[in-house]
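The structures come next, written out as structure tokens.
Both of the next two complexes hold chain A, though its partner changes from chain B to chain C.
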Partner chain A sequence: MIGALLLFATVALGLGALAGRWSSRPWLLLTLAATAALAAAGLAVGTGLAPDWDWRSAFTLGGQPLHLRLDGLSALFLVLLAGVGAAGTAYAFAYPIHTHSSDHGAPARGRFWWNGLLFHLGFVLVNANGLHFLIGWELFTVCAYFLIVLDRRKWAVRQAGWLYLAASHAGTVALFAFFALLASATGSWDLGPLRTRTELAPLFWLALFGFGLKAGLFPLHVWLPSAHANAPGHVSALLSGVAIKMGVYGLLRFSGWLPVPASAGWVVLGLGALGTFAGIVFALVQTDLKRLLAYCSVENIGIILIGLGAALLAPLTADGAWGRLALAGALLHTWNHGFAKALLFLGAGAVAHATGTREMTRLGGLWRGMPVTTLTFLVGAASMAGLPPLAGFAGEWLIYLGLFEAVVGHGPAGWAAGPAVMALALAGALALATFIKAGGLVFLGTPRSPAVAGARDPGGWMRGPLIALAVLVMLLGLVPFAAAPLLARAAGAWRPLAEGVTASAPPLATLARFHLLLAAVLLAGGVVLWRRTRAQGVTLGPTWDCGYAQPSRRMHYTAGGFSGTIGGWFTWFLRPARSLRRPHGPFPDRAFTREDPRETVLEDLVRPTGAGVLRISTAVRRLQHGRLQSYILYILIGVGALGLIVLFHGGRS
Partner chain B sequence: MSHLWELPLRLAFWLLVAPLVPGLINRIKAWVAGRRGPPVLQLYYDLARLWRKQVVKSPLASPGFILGPAVAWVAVVAAALLLPLGPAGSIAGFPGDALVLVYLLALARFATAWAAMEPGSAFEGMGVVREVSFAVLAEGSIIAALLALSAQAGSLRLDAMLAPMVGTGSALLAAGLFTVLLAENCRVPFDDPNTHLELTMIHEVMVLDHSGPPLAAILHGASVKLLLFSVLLVQAVLPVAGLPPWLAGAALLAGVLPVVVGIGLVESLLARLAFRRVPLLLTTAFLLCLFALLMAWKGGTA
Partner chain C sequence: MNTSGLNLLIGLAMGLNLLALGSGRVSSLIRAVSFQGMALGAMPFLLSHEFSPWVTLVAIATMVGKGWVIPLLLGRAMRAAHIEREIDPLIGFVPSLLLGAGGTIAAIALARSLPLRPEHAGTLLVPGAVASILTGFILLIGRNKALSQVCGYLILENGIYLFGLLLIHATPLLVEAGILLDVTVGVFVIGIIVDRIQRAFDTLDTRKLTVLRE
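Right, the complex of A and B next:
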């Protein structure tokens, strides 16, 4: 049954990729059918309708027999992949990539690589063989690369793609070492629970680097903002919604199957808290809408890792129930962030397509021409800001509950949980500021150019995914307990000990009741005030701007101005690029001040390190110059040195 | 089913008593300054008048301009209903309701800020920036305070958490929460509710373009929020929950009144801080709450 669904999805994706070379409609139907099959398989296993699926084949690939398994944890991510994949497919069907460049082959190429990406993401999720896992991992990275550089005539796009490819391979090197060492220690590439082999614990650090880099864990996130900002809307959605979650999946999978070092929980929790805080501060100061969303993904990966870190830390204490709560929160937040961030990226893609720019300071007042995009973006933004009664709050609330209980327990874990709570609290308020900035500058106020004033909502195939994802985010917020069985199965698949995660269903059910009530009252309050306002009559009058008769769009808040206050507190690590020209002389001509956010970690940390390595390599390379005399001299020196060693240490063997 | 009559009763308490608080504060300020001052019930008259007024709306504003204040009002009132009242306890207490309360206030802030961005005014943008920036520190302080109470009481339910600690921790918490109260409710020294110079305001400047029923909802919501913070502060410091009902009622009243007098006195005796000093004061409040948290946490192990 599960096997048939997955086989059908594979065949449909393959046929779709072939059909997509010539025509888009069969591609759309086949790919949507494939995602439906994936969703059905994931939901069947996730909800427990079907037992875990384990399939070993005699068929070998690269010398290894194929071994696939679909358990609760894979199912959770598979459903996410299917949901975001379906939305992105419908969106891609209408997304006119070729109108921005004269590259007419781009849509067909996009369809091919899109199916490749969906297939390999799914392949990694159901894989239980280390070698095939690596192959799938590499191929999905390559597919994602070709999707990022779809609009390849732009220099910035090629640059972003190159950075992504280089960074991903640094991670793959770590993963290669991880799987190879694992295979040599166990004598087989086969993956499965090996929790008793405590000598394997140090391998976790390799996995943390490799998977953390893919997930966008804070200091390793350098590739993420430019790749997500420069890809087409649906590609950003799939990358941010699902592809970076593969790193989370990897960390969950191998921290569940393999033993972890005792300090793993502390490190993961600490890195998560750091990423949560730093990610959102960087997000707030961005001026590019999609870059802002990308940095917000760094924050949310941090939140998820806080939950995972707490779950790893919990077994150290007598009462580990709080770890299960935090894990359930992290899993729920994986879904929430996946769907809501996909929604926001699709919305941002629609804005970028309609107006031709992603600079927030050049947008404004889009609500009138793009009401559907505005409303759906608002839903996603409120969810990302962690506001009740939406999905984002439910997950964060469970993580908070877990961390609070860790502090209440007065154990040593409180030293980690307390600061993590503070990071979450500050990040929550900063996320609110970030999304007021994004929503307010882009959709409200006056349109800041004629192109922006003329922007309209996209066509039905692009609007549909926006509406569907917005409804999904609202439903996940209103009835979060519907996801509880999936969370319980996923936690059980993570570590059998965590099966008691069903204990989190009662708090989720309470929250759901509260959310439903709140939503009803919010609706009622809105209707009452709306009707009262209409009844009293509405007069239109110009915006009150402190007595200015003619408020102009030049007087609006800019993206830099909005985040100036908070950005000022964190200049010491944001290190923005500043340029200032003061007015000079009795008739000053031009004066300006400008502050632009930089890729600080990349430019101030990674680049100098890389340059240092290159300089050392260049210096060492001088030894190799092609002059035979010198080589003979090296040999003589070498032989002489050996002779001396033998002479002085010879007697001691 | 005590809930059937308890909910309307509590709702009536919050909705009807709240507008009294700004009136009392104004009365105290007038008394200190030697003026007669507006009537204590002034806000009730204002609300009734605004509710019957017409709305003037900027052509730039979307329906969110009207719906934002409604969402903010509902969120604040819902947060107030979550707060337990002395021995009467909470009407819908559940583990983690403290966090729901904080995030409901965040929802109110989001809705107010969104509505303020609607007319595209530079001044309202300024107010939004200040509001969301200072909220970062204020929200951090509240969550630190709640975590302190939670670690102290060993529970995540508000009705169990609001059992005050003794001694220094309580004093630290009171000082921290009072500062946050002033900041979150836009009182001096963070903001001046009386000023009419747009450049110096936070909350007032965010509602510059609002008029009629939406403005009434905003003003009433602000008064409920002020009462909510006062009651929370009193219950975090005084052991109200353990008292018999009549005594608890008296204690609550005896607690809220000094808070109100305190706000009035602060407004009469202090000047508004320069904006660049505000983060410093808020950071102090944050640190006070953090120290209270440390005391509660280490106190529990001893």
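Right, the complex of A and C next:
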């Protein structure tokens, strides 16, 4: 049954990719059918309706027999892929890429690569052969690259695409080493549980680099902001919602199947806490709406890794149940962040398309013209900020619970859990500020330009995914225990354990009661407010204007001004670009101050390192000059060195 | 085995190495190579204990090939290609000579530290071979004209030939014949290449041939 569903999805995606070259409607139907099949397969395995699916074929690809398996962990990510994929497909159907770039082939290309990306993401998820995993991994990277540079006539887009491709390849190098060493140690490319082979533990560091880079783990996130900001809305949604989660999947998969070094939990927890904090601080000071969302993804990957790190630490302590709780939180947060962030990117794409800009300082007052986008975006933003009763809070709450238990249980893990809780709480507060900034500057207030004032909600095919995802985010918040069986199966697939598998269900049921109560209270409050405004009528007037007779839209908060105070605390870390011209003389003419966020890690760490490597290699390249005499000298030196080695060490070899 | 006669010839070859390094004209360089080839060709007579027609044949062939045919070919190439008679060195003559002399001393020191068979320990075969190889390398590295480099290559081959003489008792003279063939082919090929380069680029100065490095 599972096999048939996956086969159907494969065929539908392939046919859709072909049909999409000419026409969009058959492509839409086929791709939606494929995502439905993927969701059905994932849900069937995830909820336990169907047993784990394991399929070996005699058919070989690259000399290796095909080996597919779908277990609880894969199923969880497969459902995420299907959900975000379906929403993105419907959105892409109506998203007019070519209106901005006059590139009429772009939509057809986009449909082709979109199906390619969906297929290879799914292929990686159900794969149990190292070689095929690598092939799928590389192909999904390439598909994503072509989707990022869909609007290829813009220089910034090509630059972002190049950075993405270069960074991804750096990660793939580590994964090549990882899989090749694994295969040479075990004698087979076949993947599966190998927890007893303790000599394989150091391979985890390679996996952490390779998968961490794809996940956007701080400080390996350098490719992420520009790629997410410059891709079309649905592509950013799939990248942020699913593609970077593939890094998380890889880390979960191989930390579950292979033994890990003793320090792995500490490192993952530490990197997670660092990423959570750094990601949200960078997100707060961004002025580009999609960059803000991208940095927020860095933060959420950090949160997920805190959960994973706690799960890796827990077996070191006597009572390891709290690790399971944190892991369930990480898994739930993977879903929540995937759906909510997809919703936000789709909303941001709609805003960018309607207004032609992503600069928050130029937007404002969109709630009048785009009520659906505004409402759904605010639902996503509230969820991302971790506000109950929405989905974002549920996952974080499980992680909190796990970490609290670790703190209460004392021991060395408690020392790690304490700072992690603090980082999580600090990041939660900053996330709230970030999304107040994003929501407030973009949607509230008055429009700052005629183009923004004339912006309208997008058409039905773009509104539909927004509404569907917003409903899903609310449902996941109100009835989070619905996800508990999937979490339990996924945690069981991660590392089989007899007890504590369903640890997440009771806390989630408690949380659901609280969330439902809160939702009822909020709803009642909303109804009361609405009735009173209806009864008394609303008079529109200016807000308190600080004594200015004519408040203009130039007095709005700018994006930099809104986050200026909090951003100022972290200047040492953010290192923004500042330019200042002071007023001079009794009649000053022009004066301004400007502060722009920079890609600090990229510009201050990666670029200088790269420049150093380039200098060294340029110097080495001078050896290749074409003068025969020197080449002969090289040979002489080489032979002489070999002779000396043989002369002095030959007898001992 | 006539050790003193052999050592005399090898000493002569080593002296010719220095002469080759110090000569400022292409023709004298070719002459040095020619004399060295003849000295080397005579060595199998001194090394073998009894008369053998095969050894005699190879020795005569070596003397004729190294001492007469190859220098003749080089001389013809020099005239045909209108090469300037003056050598334009990359490493000057005095530094070349110093390097060559240092190399010769180092070769003798090296030969002392090598575990040689007793019958070879008394001869200059190994130091001569190493010194010739080093001289060949110095000529290859330190000269700009392709023809001088061919001479360096020939001296290098002579060094390898000297090493080959160590094995004269263990292996048939086929080895020497093979080396001889090797040299002939090498010179043949280089002669053709020199001719082609001369026609295509109108120069034999290897400094001007660096555009082909990619």
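Here is the rule we go by: the second predicted complex is superposed on the first by the 628 of 653 C-alpha atoms of A that agree within 3 Å, B and C clash if a C-alpha of one lies under 4 Å from a C-alpha of the other, contacts with A are read in each partner's own complex, and residues count from 1 in each chain.
Quick note on the criterion: a residue touches a chain if its C-beta (ideal position, glycine included) is under 8 Å from a C-beta of that chain, and two chains touch if they have at least 3 such contacts.
Keep in mind that this is a model prediction, so the values were computed, not measured.
Among chain B and chain C, the chain that touches a larger number of residues in chain A is B. In the superposition on chain A, A:626 makes contact with chain C only, not with chain B. In the superposed model, A:525 lies in contact with chain B only, and not with chain C. Applying the stated contact rule after C-alpha superposition, one finds that A:397 touches chain B and leaves chain C untouched.
Within the superposed three-chain model, A:596 lies out of touch with both chain B and chain C [touch as defined at top].
Within the superposed three-chain model, A:562 lies in touch with chain B and out of touch with chain C [touch as defined at top]. Shared interface residues of chain A, touching chain B in one complex and chain C in the other, do not exist.
The touching residues of chain C, when paired with chain A in their complex, are 90, 113, 137, 140-144, 149, 206-207, 209-213. Note for the complex: chain B touches chain A at residues 51-60, 62-64, 66-67, 69-71, 73-75, 78, 92, 94-96, 99-100, 103-104, 106-107, 109-110, 113-114, 117-123, 125-126, 128-130, 132-133, 135-136, 138-140, 143-144, 147, 150-151, 154-156, 198, 208-209, 212-214, 217, 279, 290, 293, 297, 300-301.
On chain A, the positions that touch chain B within their shared complex are 364-365, 367-368, 374, 378, 382, 385-388, 393, 397, 400-401, 404-405, 407-408, 410, 414, 418, 421-422, 425-426, 428-430, 432-433, 435-436, 439-441, 444-446, 507, 510-511, 514, 518, 521-522, 524-526, 528-530, 532-533, 536-546, 551, 553, 555-557, 561-562, 564-566, 569.
Only residues 624-630, 632-633, 636, 647 of chain A touch chain C when the two sit together in their complex.
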